[in-house]
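Supplied in structure tokens, the structure appears directly below.
A, B, C and D are the chain letters, set down in written order, and residue numbers restart from 1 in every chain.
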Amino acid sequence: MTEITSLREAVAHLVKDGDCVALEGFTHLIPSAAGHEIIRQARKDLYLVRMTPDLIYDQLIGSGCASRLRFSWGGNPGVGSLHRLRDAVERQWPQPLALEEHGHADMANAYVAGAANLPFSVLRGYQGSDLPTYNHNIRFMRCPFTDEELAVSPAIRPDVTVIHAQKADRRGNVLLWGILGVQKEAAMAAKRVIVTVEEIVDKLDAPPNACILPSAVVTAVCHEPGGAFPSYAHGYYVRDNRFYIAWDDIARDRDVFTAWVQRHIRDTADFQEFRQVLAQSKGAQA
Amino acid sequence: MSYTTNEIMTIAAARRLPDGAVCFVGIGLPSTAANLARLTHAPNALLIYESGPIGAKPDVLPLSIGDGELADTADTVVPTPEIFRYWLQGGRVDVGFLGTAQIDRFANLNTTVIGPYDKPKVRLPGAGGAPEIASNAKEVLIIVRQSARTFVPKLDFITSAGHLTGGDARARLKIPGKGPVAVITDLCIMEPDPVTRELTVVSIHAGITPEQIRAATGWPVLFAADVRQTPDPSALELDTLRALQQRTAVAHGTASSSE
Amino acid sequence: MTEITSLREAVAHLVKDGDCVALEGFTHLIPSAAGHEIIRQARKDLYLVRMTPDLIYDQLIGSGCASRLRFSWGGNPGVGSLHRLRDAVERQWPQPLALEEHGHADMANAYVAGAANLPFSVLRGYQGSDLPTYNHNIRFMRCPFTDEELAVSPAIRPDVTVIHAQKADRRGNVLLWGILGVQKEAAMAAKRVIVTVEEIVDKLDAPPNACILPSAVVTAVCHEPGGAFPSYAHGYYVRDNRFYIAWDDIARDRDVFTAWVQRHIRDTADFQEFRQVLAQSKGAQA
Amino acid sequence: MSYTTNEIMTIAAARRLPDGAVCFVGIGLPSTAANLARLTHAPNALLIYESGPIGAKPDVLPLSIGDGELADTADTVVPTPEIFRYWLQGGRVDVGFLGTAQIDRFANLNTTVIGPYDKPKVRLPGAGGAPEIASNAKEVLIIVRQSARTFVPKLDFITSAGHLTGGDARARLKIPGKGPVAVITDLCIMEPDPVTRELTVVSIHAGITPEQIRAATGWPVLFAADVRQTPDPSALELDTLRALQQRTAVAHGTASSSE
């Protein structure tokens, strides 16, 4: 059964040092508030998994929370590089980051396999690519019926998956809509699931066959309105494209980044205070 | 009507998308080209984005692969695994549009690293959907600005298979799709030679010289015997592209995204 | 692109003798009108696939349309046996029927694999069951990463999948809701897709993330209101439980069955006329 | 308050479903028992039907596995593959409720054929979801009317694995779930012996004699040393069951379905 609790408590009880953690959300509904809380609680040695490690993982990696990353595209969408990710890979700062690199199709498949409690996933792909040369977890097998060669990859089974959604009801059933990415599969694949939501309501009033995560799958629901900023929540607020652009300058320099994290994340009590401090810094710049 | 090399690149790429085709669209230049095609000669092209929208008809270009505009204008929005499993791997994508950081003479693509993988000089964003788009789309169009830093004699890393070592190398691996059928740049259009699969300049944009193309290519580039000049943009093409980019700039408070 | 056409034309052009044909619909939205039309056009030697071959396949099998059946549960739900299926298996009437028998989980998986253009599917199951002894298409493999033993089964790739849905728009996009069964997967797995619908509308007005089959997947849409009878179409009409019970008596006897098929299917022009004739027979009985 | 053997069977089965459990429900007797549990001591049981409804709370019993009532009252309705892949195989089902045509002393189940597979005397409907429910549910409850035709010394066909040849046979095959933990009949309740896994009568319904149970079992059936009498139905249990069946009869114009 789901607990409805604060994000601080959820992270404190459900995210442990060394855990395999997937924070998912494909551009839409990125669980930024939860990422901040993990930094605030100074988790270490996390094995991070995410198709598109963008700002949220740049922050976690630069803050020294992660030692390993399974991913398929690590950039600042529409802007450029993730400087903290690059610094970790290119210069081991603040610590080395082991990469397990796949393609999007493979990552999506591997979440599906994890949700289905299978140890591996099968796909048509990687022929002629160098990825299998450097990632020994990409292998090939032959079809037991046709003898075709197919790629295989280990299923993703996070200790914790964290997603952001539009609504939960008081029993912990979660509703999301719009661009769904791999959130449902990432949640179904995990041992524990934290969902931050825009609203907690008495009744979801979901349309037929909507994307709902039943309460039986959800360990904790946390009310974090605005918790996907600078990403967006369809029906609530739009993407803050300017913050993505601004992030390029913040993350480019170690000291600027470190000071930013200190002031905006470590020194704030929660995501609401982060938003206030951010508004002040913007005001100061203007 | 004068136009920029970026404009002719986008327009020339858009022209290659047949009406009615199912098109797997990457963000940035591919998305601009695919939407220009949809707004001009290919109103029935079905645009698919990896984040889930099928049949997206954005009025302004998305800045991210998962903008709300894509969901709001799509025929349906499915989970990402369905896009990759049922559509791309399912063999239902006619055209995959890709960009790249580096490309070689057989149209293999590198978006992973410059330098050695374990000690990279530059760590690039990585594969994204490209390896499987390159494998499974029935054909692939590559759109990329041309320079000797991008068009290199040897890739540091093959992220996505083009024609590999040329000839029938790709067919020997039983890769389902045909692979790259054209590379559209700001200078010219290249197509793989029917036999060797080496990229060959088949069309040069107006005002560009073969020398400029040679200088912007890291290998001794081949030219087709009957190399053409790329037709100038029509007024409709240019007006539609500019209006799209104008709407996009107004909506996002910025220029259209560049990947 | 989808053709909007009559069911007669769709079956004439898209269903060939010897085809592998899946008519799907899990209790809900069973494409009965299409099943009748296949009998009316006297298709032969079909390789039928369906998780729950119920009345619709009892009719096809008893009418001599099928030589092979891949399935997982062959009964009249809530009533008992499928007498025509049993007669074909037990006494080869009207012709022998080769069975390929799986479990539901396996069939559902195999449709998913077919939709994903994979040659086989993987599942946890069948350990200790005799099914693999009699169905040599159920095999076992070892996980390339964990060495666990898992069952594998050939993907289902129908030549034609036929489903019934609530709505299509004039471009051929199809919307269904309520109990979805395996219809989407069965359609995505097929080379050709026929969809009979309750309504053809200008605009689907679908909620976000509804179950839609885009026109690119749909070969033909046929307007067949009531075409799921005696099954139901959520939002349109309910299940005719009495017909399921009545079927037991019709199908029990070869002669009664044959006369019924002649009068109700072969001698009627379409499903609308079938419904009229059926109403008359009921009237006569009352 | 007098009651029938069918009623005590359903009520005894319902009692075994813990509140809050995720229960994979088959149509017929299992569905009656699971819904009775939900309407009495287990209001938070999450009932899952293989057609797709999760958290169904039907007011009348479904006649088919895919009745509209299940969709209308569910928390959500997902495609059938998700039920089998993400929920059942995913290890999220606490209790699987199964019926059967034949059962042996180790609670293996036959729903496929009577007689040889290739020349069957009776062709039964087949596996349905049973083999994977039997494998993957954390535990399995079997509800079936008892007779020597059903409780047989040797199955013609093992459709779904119970405890196989007994002892640790099931664990040796690394089957994920615990397998059958109880068989609830119209005469008694049997549980597998903790060591041999042979079904053992642990509770006898009021008014039933051990002799009747022996006569209705095709092997020399074991009785526990401390065999109990099944507690009589409470007024709440009986009233709730009868009201449910009454509502169902009115809604369907027929008695509740019997598999």
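Operating definition for what follows: a contact is a pair of C-beta atoms (placed from the backbone, for glycine too) under 8 Å apart; a residue touches a chain by one contact, two chains touch by 3 or more.
Quantities reported herein were computed from a predicted structural model and do not represent experimental measurements.
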Labels of chains that are neighbours to chain C and to chain D: A
Give me the step distance from chain A to chain C, shortest route via touching chains only. 1
Tell me which has more C-beta contacts between its two chains, A-D or A-B. A-B
Between chain B and chain D, what is the separation of their C-alpha centroids in Å? 57
Which integer distance in Å separates the CA centroid of chain B from that of chain C? 41
Any idea how many Å lie between the Cα centroids of chain A and chain B? 28
Residues within chain A bordering two or more other chains: 117-118, 123-124, 148, 178, 180, 185, 208-211, 234
I need the residues of chain B touching at least two other chains; which ones are they? 71, 77-78, 85, 89
Given which chains touch which, is the overall layout a line, a ring, a star, complete, or other? other
Between which chains does touch occur? A-B, A-C, A-D, B-C, C-D
Spell out the part of chain A that touches chain B in their complex, as residue ranges. 26-28, 51-52, 71-75, 77-78, 81-82, 85-86, 89-90, 101-106, 108-109, 111-112, 123-131, 134, 148-149, 178-182, 184-185, 211, 232, 234, 238-239, 241-242, 244-245
Residues of chain B touching chain C in the complex: 20, 22, 44, 46, 54-55, 71, 75-78, 85-86, 89-92
Which bits of chain D are touching chain C when the two form their complex? 27-28, 50-53, 63-68, 70-71, 77-81, 83-85, 88-89, 108, 112, 117-118, 120-123, 125-132, 135-136, 157-161, 164, 169-170, 173-176, 252-254, 257-259
Sites on chain C touched by chain A in the complex: 117-120, 122-124, 137, 139, 141, 143-146, 148, 150, 152, 154, 177-178, 180, 207-211, 234
Could you please specify the touching residues of chain C with respect to chain B in the complex? 1, 115-118, 173, 188, 206, 208-210, 212, 214-217
